[in-house]
């Protein structure tokens, strides 16, 4: 303890290693708890298992990309 | 936020989409929080990773079916 | 099982009872699992324990209200 | 309810069945709640998704083994 | 890691200490992981925040007691 | 989504605000997901609800302090 868990989409091994290292270092400094006490887990979920605003996240991502492209072309 | 997570057995894509939509709509109305703020995740577990009353769920399901069949034949 | 948990801000008792009843009924119909197997928990957090987009939620709520008022006066 | 969840590395089926049975029995006796009300889930994560003290757990396990071997040879 | 969390109603300090000790010892033996690696947390929820079978748990408890008394008087 | 949750002991408001901001920024850079999609929650638990290595955390903290003092005086 403390225990940090990250839920999100699929990640590669280097990103997981970076999350474990950097989230521990960041939280250890803020919470004044030695890094050795920290536990971190990363829970990867497929897109169809995640929803934001009542819509599956792949729909949300597509709308976000359109918005970015629209903003970029104005 | 709010964050709704559903843990259970394997589900097909249409059921996940329906859970994301309908749980968000139901909770949004009750909690008076706009749907756009809601996050939903669905965590699927194999039967052998779930226990009810100290027994693995496949044993519980089998007993439940026998009970239903027994009630049906009386 | 299945297990539904809702994390969010403080709620009154009637809203909690409604969440327990309606989320169970909604998910039971979608997942084809009898309601009696469902477990629901509600976890209430103070605003300062919740962040969206890197900002504490009370800042996010204030910005959302200004946005709504701005949209209403146009 | 109560709900017990165990997060850790991969496990075989007999170990999962034993965890479901024995954690339920142990907690039921301590909490004075009938075993039939207990829900247990087991969440298995790959090593690269787990970190202790800011390091991925496979590094932690290797250091622990070296420590044990070092202590054994003294 | 492994990480065991227990969600349930309010508990006194001796019960929490016993859960921490005995759940760790039980799981350590089954999972063949040294006890020193285990993290345990206990999350206490008020009754109105817990639902089984779509009903708040205080209603479920009352029905359970009536059932036990009925069975006792037959 | 992604969703980061931090479980630990009691924290003051400035530390919570810093955790929300800095964990979001750190993870956003590593996961290549815009900060606006991140949800962070902080769950504070009393010491008696936390155990490491089968012992309540206040016992673990006391042993850690003695160890540090011992190392300091050698």
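For reference, chains read A, B, C, D, E and F in written order, and residue numbers begin at 1 within each chain.
Definition applied: a contact is a pair of C-beta atoms (placed from the backbone, for glycine too) under 8 Å apart; a residue touches a chain by one contact, two chains touch by 3 or more.
The shown structure was predicted, so the numbers you read here are calculated from the model rather than taken from an experiment.
S.K.: Looking at the contacts, which chains touch chain A and chain D alike?
M.R.: Chains touching both chain A and chain D: B, E.
S.K.: Figure out the least number of contact steps between chain C and chain E, where 1 means they touch directly.
M.R.: Minimum step count, chain C to chain E: 1.
S.K.: Looking at B-F, C-D or C-E, which one is a repeat of the A-D interface (more than half the contact pairs shared)?
M.R.: Checked against A-D: the matching pair is C-E.
S.K.: Return the chain pair with more inter-chain C-beta contacts, choosing between B-D and C-D.
M.R.: Looking at contacts between chains, B-D has the larger number.
S.K.: Could you state the distance in Å from the CA-based centre of chain A to that of chain F?
M.R.: From the centre of chain A to the centre of chain F is 17 Å.
S.K.: Can you work out the whole-Å distance between the CA centroids of chain A and chain E?
M.R.: 30
S.K.: How many angstrom lie between the CA centroids of chain E and chain F, rounded to a whole number?
M.R.: Roughly 24 Å separates the two chain centres.
S.K.: Which chain C residues sit where two or more other chains touch them?
M.R.: Residue numbers touching two or more other chains: 1, 3, 7, 19, 37, 39, 41, 43, 50, 52.
S.K.: What are all the touching pairs of chains?
M.R.: A-B, A-D, A-E, A-F, B-C, B-D, B-F, C-D, C-E, C-F, D-E, E-F
S.K.: Going by the contact rule at the top, pick out the chain D residues touching chain E in the complex.
M.R.: 1-9, 11, 15, 18-19, 22-23, 26-27, 30-31, 33-34, 37, 50, 52, 57, 64
S.K.: Any idea which chain B residues touch chain D in the complex?
M.R.: Interface residues on the chain B side: 7, 43, 45, 48-56.
S.K.: Would you mind writing out the residues of chain B in touch with chain A in their complex?
M.R.: 13, 16-17, 19-21, 24-25, 28, 35-44
S.K.: What residues on chain E touch chain A, complex-wise?
M.R.: For chain E paired with chain A, touching residues are 1, 3, 39, 41.
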